[in-house]
Amino acid sequence: MRPSRRAPDELRPVTLERGVVKYAEGSCLVKFGDTHVLVTATLEDRLPPWLKGQGRGWVTAEYGMLPRATSERTRREASAGKQSGRTVEIQRLIGRSLRTIINLEALGERQITVDCDVLQADGGTRTASITGAWVALADCVNWMKARNMVKANVLRDNVAAISCGIYNGTPVLDLDYAEDSEAQTDANFVMTGDGRIIEVQGTAEREPFTQDELLALMALAQKGIARLVDLQKLAVA
Amino acid sequence: MRPSRRAPDELRPVTLERGVVKYAEGSCLVKFGDTHVLVTATLEDRLPPWLKGQGRGWVTAEYGMLPRATSERTRREASAGKQSGRTVEIQRLIGRSLRTIINLEALGERQITVDCDVLQADGGTRTASITGAWVALADCVNWMKARNMVKANVLRDNVAAISCGIYNGTPVLDLDYAEDSEAQTDANFVMTGDGRIIEVQGTAEREPFTQDELLALMALAQKGIARLVDLQKLAVA
Amino acid sequence: MRPSRRAPDELRPVTLERGVVKYAEGSCLVKFGDTHVLVTATLEDRLPPWLKGQGRGWVTAEYGMLPRATSERTRREASAGKQSGRTVEIQRLIGRSLRTIINLEALGERQITVDCDVLQADGGTRTASITGAWVALADCVNWMKARNMVKANVLRDNVAAISCGIYNGTPVLDLDYAEDSEAQTDANFVMTGDGRIIEVQGTAEREPFTQDELLALMALAQKGIARLVDLQKLAVA
Amino acid sequence: MRPSRRAPDELRPVTLERGVVKYAEGSCLVKFGDTHVLVTATLEDRLPPWLKGQGRGWVTAEYGMLPRATSERTRREASAGKQSGRTVEIQRLIGRSLRTIINLEALGERQITVDCDVLQADGGTRTASITGAWVALADCVNWMKARNMVKANVLRDNVAAISCGIYNGTPVLDLDYAEDSEAQTDANFVMTGDGRIIEVQGTAEREPFTQDELLALMALAQKGIARLVDLQKLAVA
Amino acid sequence: MRPSRRAPDELRPVTLERGVVKYAEGSCLVKFGDTHVLVTATLEDRLPPWLKGQGRGWVTAEYGMLPRATSERTRREASAGKQSGRTVEIQRLIGRSLRTIINLEALGERQITVDCDVLQADGGTRTASITGAWVALADCVNWMKARNMVKANVLRDNVAAISCGIYNGTPVLDLDYAEDSEAQTDANFVMTGDGRIIEVQGTAEREPFTQDELLALMALAQKGIARLVDLQKLAVA
Amino acid sequence: MRPSRRAPDELRPVTLERGVVKYAEGSCLVKFGDTHVLVTATLEDRLPPWLKGQGRGWVTAEYGMLPRATSERTRREASAGKQSGRTVEIQRLIGRSLRTIINLEALGERQITVDCDVLQADGGTRTASITGAWVALADCVNWMKARNMVKANVLRDNVAAISCGIYNGTPVLDLDYAEDSEAQTDANFVMTGDGRIIEVQGTAEREPFTQDELLALMALAQKGIARLVDLQKLAVA
């Protein structure tokens, strides 16, 4: 039995609250149970130098955790003077995932920066970030549409993410921290609205795993992500 | 007339919501109008090296702003690799202000770190931070009392803060961003529950000011801080 | 047809040359075609502070590229003052992969640091690094055995890695740079000698991919890694 | 009685020596007793990027202490790789104070950088810096006038600064280090030649203070600053 | 007798292998006995900002050591976040030495960056670097000539370097690590093909030395460098 | 003729003023003409970690230049966040030079840190620093003797330094900035009171130089340093 008494294929309660920061072109407070992430999307008329003059835009992401988002206080990265390897890894994943479903030509020579700041962490912060980021991004694109800044479709599909793992020998969906720290295997899936894979990252935390185990996790992820995509559609409807 | 149509001596709507982060020993989401700051108080059994073995504790503060807390996105300090001069100045002010009303001997050889993270900024983030920090600190001390960790009174008084300024020639209380960016003179006051001064910082933004003008601002501050202290008492009651 | 005229399931010529640095407890110059990585394994009688006194050892990895390992010169990270996100991501992957097949209790309270320095890069530097690192690690463990420093088996299995991708619509094994920069999908696999998965990282470079495509890549990887493990066994025999 | 046997309203011996660095457009070695600060003013034909093309100039300040300016050696900030929070706070105060009395339009699109380097510290380094900086600035402006680079008046007024504090229950003027480290309350005042306030920073070091105490300190400051302004006028006459 | 049983005026076996990195315009793997340095020369169409528009080019050098090039592992500078003082000193010496024999006008507005990375260190890494760098530089210049990019002679002379020292009271040539760590005096000489001096750096490691001792070391260096220049000519012939 | 109209073997006016910083155990304001360096020697009861418990002390040096010590303002290293390569090179040279004439065993397990801060630079700052550092060091050792902290002789000899160069074809002593920027060859000599060499650094700024030219410079240096040592002896007498 899972610590949270959830069924193996049961998500935590998920909410996607829009418009939570008054300045941002798009924003979303996403909650996967006790994991809370504040996401904003910022539109700017500038580009990384290497992209200028190519008629395409860019989407990038930054990720952070408030120091006491965690059970023990984590050192503030701004005060430490550098971002941890974990932070860098996560923000690169978020940016890559979002770019896959964006039509960068349709965006035009502009950059959208997605900031994901974890207010409270209970496992799955990177997957919650990606799921909420899509909502903030959709609102940012709608903000542009309302101002006739884009013509073609900028958003090509939904994107959402979930973690799965093998906990006490059973594949389970949407690991919380209690499960994550005990899981033998941990895999994060990022998928589109039509069920294709954008990114899969499976890691043997203790024992190597088999291809069959990976497939079992992927089946759970398909189901969970379909549900998250439904929630995203409801949120922006 | 003030942009917000407030009377010269009128605070913005202030709320102090406790217990907003489940892990922290104390926490408070403080709102001064559209300025929103998430404050947590973390208790740790460690001290700065220079303080060890003296039978006293320590209170320190860190301050940050989410990148899109502001009208234009601000660069993330963790990614820039350093905290700005403004950030350093503010977190030193918060720490000093809190230490003045803490009985460090009664705290024992422990450190409380207060993290103030601005989710949305509309002027007065440092004064909102100090005002909310007292609530988080009070809850942290209560958490210790409930576990018999302290005997004597750790909190000696309340502490709250407010900014005042001369806007269009009139002294006004609790500047919002629209006023702050236009004010001739800007002063921050940190005071105790009994109306004494912990810190006063008055700055001529354009024209030097007179002693009489400073006294007018101080009178407004006395009034505003008395109101904030009432709200703090209600919040922890 | 592949730019290198290889068959879809054909590795580049792979060599594993041991003992290339006279000071290191283990070392290996690994070549996957034109990708050349110098790997050393260093044994030290010290541990990260958080691991002390637990009767277990640690294996960690660092990764770097010489500035002109690439077609255009890359800025030297030591001179830039920080490691790039890509570097951090890769060295964390190498470290995690090696730890999975090490018996850390048998290692005792010691640390092995594996340094992977790319002398020439033509795609697949992280997978070549992991494959060569196993050889350096094996020699380091043998060095310890020869001195009666360890009793039980420290190495529990082999570990090797390979990248696969969909190039021009066809799943191919062991991407070189020309293929990597054109591939629609790119996946790195880290596996044990018995064919189980330690890490899988699949990324849609342009278009999301299907589960069937992932399985096709995994089948290629199984085959390639089996061959790499054979070469490792030959090398240390 | 004060450790230096001065009367409560007595300044330390103050000297302002001009032209001490042969390259600088303006320079001043300022001494407040044993506090010695070397100030230079550098004129440059460049501006911070955000100020270009607005027809206005800029004045900025940097502050530093030689490592052995203090009783115990302080770590060199250049070697530590960052400026301390205290340094940043002080140099921001100096820059703000000077800008208030400069006509930036009359200066034209040029920047004056004021460097304040403490050779020996015995309390009051920031107030000595501001007081000496005005002399260096005045000489720099005279250098420009002699070359017909400015037409209108660039310097609108004098600016000088002094610290006051409550020492053993008595308000005293111009704290030296022995007093500063014992004072209950410490306030720095920056004022113009005509007695108006540019900046006031009052801090309760131990006990909060009352409005009356602040007024007593301000009265002392008025008197001391008037004397400093006289000395500035003598120095540049 | 020397630990290596060499005669006092005997070099270690020296080899200069060209073309070892396929991307670089020039490259050389230089070995002085067990000291192995990989040198690349990179040609780029850009210049340091202060040199633009003067019709001249630039040659600069960077130096690094792989962490396990040494008997004990050295911390990776990229991970430490800065280059050591020793590294900076050495790369400045290499750059200065090379520029002396380059006709920067003939090079045109281009920069050649020479990277010297020590794969294995056994004393004399800076002198081996300079000696090998000339070969990489010569190949880079030949690469330009083959493309008609330069007209006049860019290389004005050879440059090579050697260390000498007083070991057990005897002046000896080309110190290895065992000698270097015991030598009373250590001097590095950089000379041209015609025997003139580009740089001499003599250091008393324990006892000051006399002018006669310096002359004895210089005589050895003349002899050794003549031999190195012969080897360079053979290598590029 | 030299720009300063000095004879080829003529030093600039040299003064060595002791006791210029009241806190330091030793201090000296050294002037070589318009080059002014403030040197302090700090005694501390601590050692670098790698030296602890060996019964020996340590002498180290740090070097800095005030931003406007130079004709054009130089960026403050504390604000740039790192020391330049030139600074690092110079402070390593000063430290090495001083250690050669110190009996580290007699010093005991203590560290002396010598800070050399250039107030005004007109060429030869490193040689003025070394020459003045000996005086500060001598006073620091006398401070220890007066407190019976050392028994044997700590200072084994004098140490002084001078630069020489070939200017307009003539070897000259003690280059000022006007000469230094035009010299074909530049050599710094550090010598003991008895005329032996501690360090020689000769650099061809434009054309390689011959052994005879080096010897001519060394002869000038011998003469100049003998004079500097006389001045040191007078200063501490």
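Each chain gets a letter, A, B, C, D, E and F, in the order it is written, and its residues are counted from 1.
To be clear about the criterion, contacts are C-beta pairs under 8 Å (C-beta built on N, C-alpha and C of every residue); 3 or more make two chains touch, one makes a residue touch a chain.
Just so you know, these numbers come straight off a predicted model, no measurement behind them.
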(request) Chains touching chain D and chain E alike, please list them. (result) F
(request) Return the chain whose centre of C-alpha atoms lies at maximal distance from the corresponding centre of chain F. (result) A
(request) Just grab the chain with the largest centre-to-centre distance to chain D, centres being mean Cα coordinates. (result) C
(request) Using residue numbers, check each pair in A-C, D-F or B-D against A-B and return the one sharing over half of the contact pairs. (result) D-F
(request) Round to the nearest whole Å and give the separation of the Cα centres of chain C and chain E. (result) 33
(request) Express in whole angstrom the distance between the two chain centres, defined as the mean CA positions of chain A and chain E. (result) 51
(request) Can you tell me which residues of chain B touch two or more of the remaining chains? (result) 81-82
(request) Can you trace the ring for me, chain D first, then chain F, and on through the rest? (result) D, F, E, C, A, B
(request) State the interface residues of chain F toward chain E in the complex, per the touch definition above. (result) 82, 85, 88-89, 91-92, 96, 100, 157, 187, 191-192, 194, 196-204, 206-211, 214-215, 218
(request) Could you please specify the touching residues of chain C with respect to chain E in the complex? (result) 21-24, 27, 34, 38, 40, 42, 44, 62, 64, 66-71, 73, 76-83, 87, 113, 115, 117, 119-120
